[in-house]
Amino acid sequence: MSYLELKREAYEANMELQRRNLIIYTWGNVSQIDRAKGVMAIKPSGVPYEELLPEHMVIVDMENNIVEGQMRPSSDTKTHTHLYRHFETIGGVTHTHSTYATAWAQAQVSIPCFGTTHADFAYGEIPCTAVMSDEQIERDYEEETGVQITDAFAGKNPDEVPMVIVAGHAPFTWGKDAAKSVYHAVVLEEIARMAYLTKTLNTQQASLKQGILEKHYQRKHGKNAYYGQS
Amino acid sequence: MSYLELKREAYEANMELQRRNLIIYTWGNVSQIDRAKGVMAIKPSGVPYEELLPEHMVIVDMENNIVEGQMRPSSDTKTHTHLYRHFETIGGVTHTHSTYATAWAQAQVSIPCFGTTHADFAYGEIPCTAVMSDEQIERDYEEETGVQITDAFAGKNPDEVPMVIVAGHAPFTWGKDAAKSVYHAVVLEEIARMAYLTKTLNTQQASLKQGILEKHYQRKHGKNAYYGQS
Amino acid sequence: MSYLELKREAYEANMELQRRNLIIYTWGNVSQIDRAKGVMAIKPSGVPYEELLPEHMVIVDMENNIVEGQMRPSSDTKTHTHLYRHFETIGGVTHTHSTYATAWAQAQVSIPCFGTTHADFAYGEIPCTAVMSDEQIERDYEEETGVQITDAFAGKNPDEVPMVIVAGHAPFTWGKDAAKSVYHAVVLEEIARMAYLTKTLNTQQASLKQGILEKHYQRKHGKNAYYGQS
Amino acid sequence: MSYLELKREAYEANMELQRRNLIIYTWGNVSQIDRAKGVMAIKPSGVPYEELLPEHMVIVDMENNIVEGQMRPSSDTKTHTHLYRHFETIGGVTHTHSTYATAWAQAQVSIPCFGTTHADFAYGEIPCTAVMSDEQIERDYEEETGVQITDAFAGKNPDEVPMVIVAGHAPFTWGKDAAKSVYHAVVLEEIARMAYLTKTLNTQQASLKQGILEKHYQRKHGKNAYYGQS
């Protein structure tokens, strides 16, 4: 894939965030990686979506060096590259401050799996990271945000739960490409909203029983999946 | 009614789900039955509403055999046919993951009748099914989802309460045709939203008194109904 | 004002309900009275807003007789005429099932005046009527709904609080004409929403102090009002 | 800047309030100051946004005298001039009754800093003013609203927290010009909404730790800021 194509894919995914009402102003960013070339295209920092163009996308390598582009890349660049380096199967990363997912992040608790809507997309709870230590903040805040996320996934398969909430901050989601990571950002916001409503209806609500979680996840994503067209 | 007409009715009802903002992506499906022919037209599995066409609808008989169509039918097909076999007066079925109705399903409680908006459409609470047993999940999940629903309606008239929430999952609604089942899906979501707000304002709120429920239901649906144009 | 003009005013006010997202389907009705002629124009019963035309409006006198019109008037007609007979200064009445106002009605409590947004339009709490007795329901439900409202306003000036919630049911609002009654329906929904949020943030929240309520109400509606253009 | 230009800037900022869905009817007002000339342009009182034109803006000096304009200025004019006189770095002021910010104002508590979305724009909690005394209401209500605000900022830098909620009333925001004050009104509403959701998920939720607040505020606004394009 050429840099031009990579930029266009990243651009289209960024614009989809706005169409889906997940962001206001500059509050989000999407990237897509080309693993063969070892670079990603990412949104420039602080540019309003209304003014964004495909050529504004910045090409950055996995050591956070700018390879091509006139603008400064997203201030969250190091979090994106950290995720690409550690989650080897993913091709796109999305960061938003979508309302309900951010509220759970601010409440600093994982989002329980309360129903099949959740189980259709994530195998179990959406983890909330630990709160960052002062040492980490000092060291390299955006890199350490990535560390918080990969620590929260120790022993977990990021393909089975393609989303996380960072304590006190906001969500990150991922997928096989930029478009799929945005899709998961939309799904997460709706899951987070339903979970908020469930929790405020019944603060003691237990998670969905394992059998139904298993069934729904596997009928969509298991080796004998029968959802969708083959 | 020809298969072509049946498909078109089912298609239009599916598209109405999107116009009414009850679904995102592929999260819902609507069917309509032709009782004379013993077949229904239903949405294909996993096709986004943006891409859906009338000819994509699949004709399926009441034993879940595909009669006509190139695509795999909705993964919830067996739940639809189960409902048509057991609720003999209904002509259309809708399944969504609409936000507030799903939140009640996740909280695993029936939606109480708190007011006349509810009583205008459903004679008493909207039942929540039992949680499915592991044996049922193993046996035939989608068929058993139908069983959960018909069990919840033992001794009840599905024409008087044309809607249900499946525990840990989401709502199903029905009506005399596909369009009316979608209408009930829209109504249920608004009833569920009002009930959520009422319950969070006063967790001890009692149901509407029987006399007002009776009056509102009967003035619209009773034999001396005087609502609407005759 | 001719019947034609009266119908047109009522029609426009009804359509405004839809533009302001206060209703779905047929869930509301607006009327306007011509006091000189002793008649009102009101929406016909059960007609969807999408299909409504000015000529559908029904002219009804204050004893609920149809004076002109091909259609059956709103099933809430007797509530409207009751209000016109008892609140002599009003010229328009609106009934909706708007979400937040209805939630308060279902919770069967008056909406406290928590802030200046409320005080700008209503002098003190929005009263919730008593729950209707079985005898009243039997006697004449829609007329008695009017009685519930006028009973709730005993000793109160309906011009100072141009809105009410009927217990277990939904809101009614009024004003100098149909358009103003719709305006008050929009205002009530927003007041009800803010009050819901306030109450769920702090269940013990006290009402706004009397001095600020007084100030805000009087600067807009008092004899020395200085809000707006003179 | 000519009066014409000043009016146009104030007009555009006022209209942006409507586009961002922060106001209904006449419920808000924006002004912009020309410090060299010692005058501001402000929205006229009680004029619906649908009818507003640039030439309706009123030019008012810092002692609240009308310098140019046919219409009566906003009833909140004295609050605006008070803020300009006391916060010397600001160039625009916005007042709305946006839903979630108003709910916090009605609950009469400051909005805690629960997350980085908040920290990106305000250095610490959004202060809620004291409730106004009866003496203040009697003396000069709108001037005293300004006093409540500047009292709440004693020892605080209004550039670091460009927003406030007035107890029992609603928010005011400010910025380097009218457009930026509207931007802060949009941001405040979203912060207030997220804080509401966080607080209702966990009523005991603590504020964001100081280190993260510091980091986020400084990376956007500090002397070594690296957010956005330089």
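Points worth noting:
Labels A, B, C and D are assigned to the chains in the order they are written; within every chain, residues are numbered from 1.
We adopt the following convention: contacts are C-beta pairs under 8 Å (C-beta built on N, C-alpha and C of every residue); 3 or more make two chains touch, one makes a residue touch a chain.
Bear in mind that the values here come from a model prediction, so they are computed numbers and not experimental data.
Separation of chain A from chain C in touch steps, taking the shortest path, is 2.
Between chain C and chain D the CA-based rotation angle works out to 90°, given as a multiple of 5.
Between chain A and chain B, two chains of identical sequence, the interface residue sets overlap only in part, with shared numbers making up under half of the total.
When chain centres are set by their Cα atoms, the one at the greatest distance from chain C is A. Computed centre separation for the pair chain A/chain D is 33 angstrom, with centres defined by C-alpha atoms.
Spacing of chain B relative to chain D, judged by their CA centroids, is 46 angstrom.
Touching of two or more other chains is recorded for residues 200 of chain C.
Chain pairs that touch one another are A-B, A-D, B-C, C-D. On the side of chain C, the complex with chain B involves touching residues 24-27, 44-47, 71-72, 75, 97, 99-100, 102-109, 131-132, 134, 137, 141, 168-170, 196, 199-200. In the complex of the two chains, the chain B residues touching chain C come out as 114-117, 183, 186-187, 190, 193-195, 197-198, 200-202, 205, 208-209, 211-212, 215, 219, 226-230.
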